[in-house]
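What follows is chain A paired twice: with chain B in the first complex and chain C in the second.
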Partner chain A sequence: MSYADSLRLVLPEVMVACGLLVLLVWDLIVPKRRYWESAVVALSFLGVAAAYLIPRLSATPVTVFAMVRVDAYAAIFQLVVVAAAATTVIMNVSNPRFPRDRGRVETQVLLLGATLGAMVMVGTRHLLMMYLGFEALSLSCYALVNVHKRDRAGAEAAMKFVVYGALSSAVMLYGISLFFGLGGSFDLGEIGVAVSRTLAAGHNFQVLLPTLLLLAGFGYKMSLVPFHWWSPDVYHGTTTPIASFLATGSKIVALATLVRVLAALFAGEIAGGAIDVASGAAALSSMVPDLRLFLAIGAALSMLLGSLAALQQQHLRRLLAYSSISHAGFLLAAVAMLGADGFDAALLYGLCYAVMGSGTFVAVLYFCNQSGADEVASLRGLGWRHPLAGTALVILLAGLIGLPPTAGFSGKLRLLQAVVAEGYLWLALIMVLASLLSAFYSFRIVRVLFLEDRPSADAAVASAAATASGASTAGDAEAPTAPRRLPLLVLLLAVFTAATLLLLDLDPLAALTELAVRDLIYW
Partner chain B sequence: MELGAYLAVSAVLFVLGMAMAAARRSLIYVLMGLELILNAANINLVAFARFKPEIGLDGQIGAIFVIILAAAEAAIGLAIVLNVYSRFGTIRPDDIDELRQ
Partner chain C sequence: MFFDYANVFVFALGGAVLVFGGMWLGSLIRPKREGEAGLEPYECGEKPIGSAWFRFDIRYYTVALVYLLFAVEIAFLFPWARVLKEALADDAIGGLALVEGVVFILVLAVGLAYVWRKGDLDWVRGISHTPDDPEEG
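This part shows the complex of A and B:
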């Protein structure tokens, strides 16, 4: 393959990088800037990247420059992160707390940086490249969380994010260095062969230790127990659009990368004899059941702790943070089965969660803009005044609970099937229990939105007080301007339509992920 | 056994780094602990590459990338620590805990 051909294959990443550079220069040379101009630039580059990505959904896998992997699997999740970034850009523009100073272009630049990192991370089978992408995503997100520089809550959130995040990624790097020693290469394929050989020789600890270290990094990115401590505080302290990117784009890409790494490391064990590994491929090592149990316990704790803690939260983004911890547990439960069916189910549910989760964040931002506060109580009666957004939020929440007609239900059903097929009945029971608990906290939101009657005079006083307290905690020097409803409503409708399409028929998406996973395991 | 000696040094550095970060005395300590962990990984990379000649230069190049990353991380980390100090007047992580209520 010629050099120019290779370059053509990394065009989506190049487009995002170009957008980043253009915005940096734009900020310097265009004297009078309006808030939406940088958003339009960012959106158009993201759009071009997406246009290059879509044809790849049916492409044959290629490796470029020995480090970048171009396949359908990467394309699916790169599209997810590009969509999440675009959603965040539009939400930012509609957010009255979006900075009016230079911070507004910085936000777009950092967001594109995070997108680029996430795209690199999922589109590679080279551990060093993966780590570089991981860090580009993390570093951009640390700065994004604190883009309102005068914000006390944002400063605390960024501090917690950096302390936990940098520590877990450093631990992950130590794991990578041990895998490098084991396989003599950063390439996941060669490391997988070495892992099979080591397990066959009975040196389980040499594989178990680096695997656990590696999981620290992914556990932090997906906010899994016991690496979840940062996420409620970070979601609380930052703005809703950034929280939405962390909860959907960043989390789902981390899931996809984790699946890619696990599928390659334990290729011999997962596929049985399907892969021609030199020694001991078919013999299931005793380490894999141990690892499976360990992951299952992490998943169970995440689901239970996330759902239980969400029950008591008064702050909307804190509630959503615990809900997203619980959902990460659901995803890990299927990944823990370390088999093609489990990977399939987890990736499919991850895609559903990305759509439903970002829809929920958009709706929450819409209502927070109306009420001027971030508390659950401030939603009181708003559902009646904004029936369209209210109905959308109720249906999206039903999807997150997993009620029957929604995509959330069929997604969760597949997760349960994958878990039960491996005989983990206790884990399946915990999944059902966590879903029931999630119905309680979701119903609390719905009740506040629609069911509680709203005495008009009291509500006006309460909402004025809420606005005042919201403004004082925000500590923004910029005066909040009137919320722009139109972009948010359009966005909400778009996400809602996507969710409804998923609801009608999950099978095309399922076929896509299934093909991608086959690609991953039998490459 | 020479490789083992290098790995032992890196394991000691890793544990020291974790201990510094876990002590949470100050954010600067945490960042320094972090550097120790990253450099422990670097020692591993370079040692493996040195003692397994078939690997080639991958380990050394990886270590250079990690050094650059550590610099980027320190830059962002210190900027955030500075901002935290000007908002809160302290850099003890345990004293900066208002969001939880």
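This part shows the complex of A and C:
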């Protein structure tokens, strides 16, 4: 492959970088800047990047410059982060806070920077390259959280984000340096070989320690217990669109990268059981069950703490932050099984969560626009005035709980299957328990939306009729205050709700991820 | 074998000549003003003695970042310049080597243009009152 051909394979990343530069220059030379214009520029570059990524879903994997890994796996999650960034851009257009802020072109620039970092992070087989992407994502996110001037809550959030981020990133870097010492290389494949050799020699601790250190970084990005402290404060302090990006794009890419790293590091251990039956039992190290237990405990704590803490939250984004901690626990539970099935289930549920989570944040932004506040209580009765959006939020929350007609159900089913298949019954029980708890806090939102403080009986009947027919927004016309029409948000909400319902049948998506994961383990 | 270390000594000597020679040259042409401020260790005007718990001017960080822009540029351009000639002769890479270097410099130039245009290169900005920042200051 010639040098120019190799460069062609990193075109999606180059496109995002170009968008970033164009926006920076445009910000300098165009005197009157309108936010939606910069949004259109950002969206078009993200669109071109996505167009380059889609054909890769069925392409054969290649490694470029011995660092960049171009495969279906990377493409899936690069598409996820591009979609998450695009969603955030569109949500920002409809965000009523800080309407005349000068920082808004910078929002797009930083968002594209975060996207670029995430794309690099998931599409590499080189640990330093991965760290570079990780830091680009983190640094952009720190600034995104407080992109608006004189926003004290945002400043506090960003400060906490930076301090925790610097700590866990440093710990992760230490883990990377230990792996370099172990394998004499930053290449994940070579480190995997060294890990097998070390484990075969019985030096379990030499592998366990750097793995756990590495997990600090990923745990932080995915907001897993005990690295979750920042996320409620940060989601609370920042704006809903940015919180949406942190909860979906950033989190899912971290999950995908974690799976790639674990699959490469323990390739010998994971494949050993399946392929090498004769020597497999002897080769399988006792370290894998240890690591499994560590991860399972982390997952259980995240699920329980997230669900329990969410019960008492009054602030919508804070509630969603705890819900997101709990979901990170669900994802880790399947990853903890350290096998192809577990990885596959976690990635599938990660994709489902990205859809449902983004949808929920869009719905929250929609209702915050109507009420002008971010509290759960401020949703009071809004479901009757906006029956369609209210119904959409109910569907999305049902998805987050894991109720049947949604993607959440089929996704959680696969998670449970993967966990039970490895004999971790207690973990499966905690997963069910956490889902039950999540039903309580989700139902609280539904109750406030629909059951408390009905409008007059006539209006309620009319709205109920409108909900039942599902055809018109008749409820809007009767609202006492003229609602703000936010066509883009409604469109987004419709897309995510439809996707949540359609993904009940996960098989088409599963075919895609299964191939991607197998390719990951047997590279 | 130890003679190879002569390189190190020559290098160190060259460094010393550059530093002290520069200072000597500067002393020839700069104006001489005696005074308290000129004798302080930090030319940036920070107090050298006292508690470290005070607020640093945010502009130090901006300037440090802009400095980093150039420091990193040099660090990356040295190896690039070193192999450029061979890369240009290589059929597989060819002119791309030059293009890549130029793209790299252009990206950094955008960064420089950005801080320049936004006024972050001016140390004395005063308290900036832009029309849409009525509350600032």
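Here is the rule we use: the second predicted complex is superposed on the first by the 464 of 523 C-alpha atoms of A that agree within 3 Å, B and C clash if a C-alpha of one lies under 4 Å from a C-alpha of the other, contacts with A are read in each partner's own complex, and residues count from 1 in each chain.
Note that in this section a contact is a pair of C-beta atoms (placed from the backbone, for glycine too) under 8 Å apart; a residue touches a chain by one contact, two chains touch by 3 or more.
Remember, predicted model here, so these are calculated numbers, not experimental data.
Partners chain B and chain C, once the complexes are superposed on chain A, both fit on it without clashing. By the touch criterion defined above, A:E190 reaches neither chain B nor chain C. Contacts of A:H236 after superposition on the shared chain: chain B is touched, whereas chain C is not. For chain A, the partner that touches more of its residues is B, with chain B and chain C as the two candidates.
In the superposition on chain A, contact is made by A:L132 with chain B only, not with chain C. In the superposition on chain A, A:K149 makes contact with both chain B and chain C.
In the superposition on chain A, contact is made by A:L24 with chain C only, not with chain B. In the superposition on chain A, contact is made by A:A170 with chain B only, not with chain C.
Using the contact criterion defined above for the overlaid structures, shared-chain residue A:G181 touches chain B, although it does not reach chain C.
In the superposition on chain A, contact is made by A:Y3 with chain C only, not with chain B.
Superposition on the common chain places the nearest Cα atoms of chain B and chain C 6 Å from each other.
Chain A uses residues 149 to touch chain B in one structure and chain C in the other. Interface of chain A with chain C (complex): residues 2-4, 7, 17, 21, 24-25, 27-28, 100, 102, 149-150. The touching residues of chain C, when paired with chain A in their complex, are 92-93, 96, 107, 110-111, 113-114, 117, 130, 132-133, 135-136.
The part of chain A that touches chain B in the complex is made up of residues 128, 131-132, 135, 139, 142-143, 146, 149, 152-153, 155-160, 162-163, 166-167, 170-171, 173-174, 176-178, 180-181, 184-186, 232-233, 236-237. By the touch criterion stated above, chain B contacts chain A in their complex at residues 7, 10, 14, 17-18, 21, 27, 30-31, 33-34, 37-38, 40-42, 44-45, 47-48, 52, 54-55, 58-59, 62, 65-66, 69, 72-73, 76-77, 79-81, 83-84, 87-88, 93, 96-100.
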